[in-house]
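There are structures below to look over.
Below are two complexes that have subunit A in common, paired first with subunit B and then with subunit C.
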Partner chain A sequence: MAEFLQYLVTGVTIGSIYALAALGFAIVYNASHVINFAQGEFIMIGGMATATLTAAGVPLPLAILAGIAGAMLVGVLIAKFAVERARNASVVTLIIITIGASIFLRGLAEVVWGKEFHRLDSFSGNAPLMLGGAVVTTQSLWVLGVTAALILATGLFFNRTMAGKAMLATSHNRLAAQLVGVNVRHVVLAAFALSAALGAMGGAVVAPITYSYTEMGIMLGLKGFAAAALGGLGNGVGAVAGGLIVGIAESLSAGYISSAYKDAVAFVIIVAVLVFMPGGLFGRAGTERV
Partner chain B sequence: MLLEITGLDAHYGRIRALSSVDVAVGEGELVAIVGANGAGKTTLLRTLSGVHPASAGTIRFDGGDITRLSAHARVAAGIVQVPEGRQLFGPLSVEDNLRLGAFRRRHRPEEDLGRVYAMFPALGQRRRQPAGTLSGGQQQMVAMGRALMANPRLLLLDEPSMGLAPLLVAEIFKAVQALKEQGTTILLVEQNATAALAIADRAYVLETGSVTLRGTGAALLADEGVRQAYLGL
Partner chain C sequence: MFRKRLLCAVMTASAVALGAMSALAQSGQPIKIGSILSVTGPASFLGEPEKKVLELYVDRINKAGGVAGRPIQLTVYDDGGAADKAASFTKRLLESDGVDAILGGTTTAATMAAVPLVERAGVPFISLAGAVVITEPVKTWVFKTPHTDRMAVEKVYGDMKKRGFTRVALLSEDSGFGKSGRDQALTVAKLVGMTVVADETYGAKDADVSAQVTKIRGAEGVQAVLVSGLGQGPAMVTRDYRKLGVSAPLYHLHGVASKEFIRLAGDAAEGVRLPAAGLVVAAQLPDSDPQKKVATEFTKTYEEAFKSEVSTFAGHAYDALMIYTDAVKRAGGTDKAKVRDAIEQTKGYVGTGGVVNMSATDHMGLGLDAFHMVEVKKGDWALVK
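Let's turn to the complex of A and B:
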């Protein structure tokens, strides 16, 4: 039982990061129908910037903010110069553009930060807590708390503010959004900035657990995509649930089967979803009446 | 004239949908555009709203050239469209749809919400319901209410009666007439030519992208050619 609880804690922790990445995929997909495979690089930028800046003596909160700001800037640049320019291209072309952007960003990061692993201290000490026989690091609690806060804030933004509702409206009906005066170009830029901020914040809190390195975004991004597909692409609640499910499934299989298969779990889930439930677990309910 | 369109061309790919269209709408007027399916009526409104580019000609609104203005800037200037087929934000609530109509205005829209609910009482009872679950007539009311929330100086109506039962058509046209009496300037596009001409001050007949006839609503209603071609009389 203690063992199971331990795997669960580990799974939920890493699943939180997948959930943030999946939420980023959903937000960008809703605004622009682009599947942004550079999402993982936002996580990497957040992790790397925080680790290297704190190592250089910058206070932690400032380093995190700088990482988020940097990732948002990169997100807006991708939207403006890669995605917007190819507005009329096919979905596949747009996906390939984002893959290209992610490879470019990884290369650039290697030039700036080097190939080695960067360590980041836990935010509040290394003394672990015991929870029913499972060891919970304080950093895990940071990950869970920050993720919960971000998800809540994102939910409030989309359901309570006019700007958030305008973004939702654009995803439901682009023409109508234009006709009520929403600048749909700004919506796309805002979506990339928002998803970059979520990813970078995730990268910063997870860095003390995973270390940060320039390739950390590949797996985190792909698993975030698996989570987004599992939850139903474009569904925010589904993205969060998908992230937690992928994280827990991965952690349990690493514990009970073999950690060698850990990374395979997410991709088995993707294949299973695409074959059996193409709409995802929370595929959009059809409320439209014609 | 509040709106002056001169020599307007619009294309879909290489197909010419509008060719040198001249249309004018004065302050407080209700002007109708009638014509068969595919005559270019919807294209004209899309071009006026800036969601379809003009390939030649000019659109002047309130004295300024808006031919190259972006869609959201035109809404801010007061040109607001109720599009064909309603185009609601289906999963969002009725009230959210209406509030989004006021997106370009920087004030709390409570007063205008009240006015829309007073005009269409059926919507007030369903304000929390997803707009996509409403009946066709109620959806048309949401679409019109959403446009009114923007406080339009020129209201563009695209086929407001399309797909509705005769009783509802009468109700929608009554609402259009009420808006005109309150002083709203309206450009109405309709396939239902009889109903449109009956309430229009002036009207244009559009045929394969060109204006072929123009006159007062009453004159066109009495015109032998129009009666044969569009009214089935």
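Let's turn to the complex of A and C:
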């Protein structure tokens, strides 16, 4: 039982980061129908900036804020100079552009921060807590807490604020939103900035667990995309659930089946879900928003 | 008819002249050494010092007049830790750069990807990677400088037995080196009477290995744990291992013998044991050790040039370059077959990894005595007596 709990804790921790990445995918997808493969790079920017700035003596909260600001700037720049300029291109072309942007960002990060791994100490000490036989690190609690807070805040933003509602409106019907006075171009910029902020914050809290390096975003981004697809692309609740499912499936399969197949198990679940429920767990089956 | 004969004569004459010219040019022509290293990626703390050392010593050799009057021209490609890239860079070195020899392959996977290509092309190849598969079975053109993983495993098991442990859990990386280390750990365990009670794996780019460590913690009667991996991955394992409070002593192989490992793992590295070349503990070696002089000098040169601490991987690159240039001198040129034979005849070369005595059946030439058991104490390596 203690073992099961431990697998669960591990799975939920890493799953929350997948959830944040998936949420980023969903937000950008809703606003622009682009699957932004540079989402993992936002995580990397957050993690790297926080690790290197704190190592240089900047207080942790300031370093995190700087990382988020940097990622948001990069997000807006990608939207403005890569996605918007090619707005008449097909969606596939736009997706390829974001892949190009992600490769460019990784290269740039290597020049700025170097190729080595950076260590970031846990936010509040290394002494772990015990929870019914399972070890829970304080950093895991940080990851869970921050993820929950961000998801709540994102939910409030979309349902309670004018800007959020405008973004939702755009995702449902771009033309109609434009007709009632929503500036669709600003919505796309805001979506990129918001998803960048979510990613960077996730990167900062997960950095003490994974170390930060220029390629940390690749796998996290990919799993985030898988989670988003699992939950139904463009669905916020689905993205979060998808992230947790992928994380827990990975951890349980590493524990009970074989660690050699843990990535495979996670992806097999996704394939199975998509075969039987093409719209994802929470998506509307068979519909496509055009 | 006459015309034809004249043409023939002219052609022959010019061919002879050309041949003479090229022979003349040969003496001043650069020796082309190619190198494929993992300067970036998960094995970067191995590949980066290797690159720096090759560049430093090639520069020094050239300033001192080159090898037998010929300067060395070094071409380094970064495979980023990916075997497929290593293969295409090897092709490039062989086909478009036309190199006289290849040093490197930081990782076992990169080396094994390059092996079929160099075997076909017939170019001397000295690998800097650890696994035993590189030189066993012996391949005509392939040599290596680091100790094998089999030797590392033997050394580790020896130390475990001395401490009275017979039940070991394995945690191996899904990299070429990690897998080969796991195979050796399983094979050698049977020979020396160790029982493997758990056998888990992790990915070099995994974000967390808590699940695997939890499984090992729960394995029955586990007395010690051996991690088979290289580069950054094992640092993460070490941290998760301490975090989950596993009490069994932790061992690594020689793929982490760098200060970078201690820096990344932090306090978690305390008490970790691993086999390493004498280089990392040069100052602690007894004066009678043949390695002491070479290791101390190399450490001094490296640390003065780069202002960072020496690692055994830097030493592997140095050894490879020295073995090759020495063979070129003995072979009297860069003729590939002659140089290959000369490398195979290397005897009594004292390098940073130990005393090298190669033969037709041993393309590494190191003995188990060149390996030292070290333990991390207060953030530094300490020789285990």
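One rule holds in what follows: the second predicted complex is superposed on the first by the 281 of 290 C-alpha atoms of A that agree within 3 Å, B and C clash if a C-alpha of one lies under 4 Å from a C-alpha of the other, contacts with A are read in each partner's own complex, and residues count from 1 in each chain.
Criterion: a residue touches a chain if its C-beta (ideal position, glycine included) is under 8 Å from a C-beta of that chain, and two chains touch if they have at least 3 such contacts.
What you are looking at is a predicted structure, and each value in this text was computed from that prediction instead of being measured.
> Name the chain, either subunit B or subunit C, that contacts more residues of subunit A.
For subunit A, the partner with the higher number of touched residues is C.
> Quick one: is A:Thr13 in contact with subunit B, with subunit C, with both, or with neither? Answer first, second, both or neither.
A:Thr13 contacts subunit C only, not subunit B.
> Contacts for A:Ser124 in the overlay, against subunit B (first) and subunit C (second): which applies, first, second, both or neither?
In the superposition, A:Ser124 contacts neither subunit B nor subunit C.
> Have a look at where A:Ala176 lands relative to subunit B and subunit C in the superposition and call it first, second, both or neither.
first
> After the superposition on A, what does A:Thr161 contact: first (subunit B), second (subunit C), both or neither?
neither
> Using the touch definition from the top, say if A:Thr93 reaches subunit B (first), subunit C (second), both or neither.
Neither partner.
> List the residues on subunit C that touch subunit A in their complex, please.
Contacts found on subunit C: 39-41, 44-45, 48, 174, 200-203, 205, 207-208, 210-212, 214-215, 218, 232, 235-236, 243-245, 260, 263-264, 266-267.
> Show which residues of subunit A lie in contact with subunit B when the two form their complex.
162, 165-166, 168-169, 172-173, 175-183, 284, 287-289
> Which part of subunit B faces subunit A closely enough to touch in the complex?
Interface residues on the subunit B side: 49-51, 70-72, 75-76, 80-81, 83, 87-92, 96, 99-101, 103-104, 130, 132-135, 139, 146, 150.
> What part of subunit A is in contact with subunit C in the complex they form?
Result: residues 3, 6-7, 9-11, 13-14, 17, 110, 115-117, 119, 121, 126, 128, 135, 137, 206, 209-211, 213-216, 218-220, 250-252, 254-255, 258-260, 262-263 of subunit A touch subunit C.
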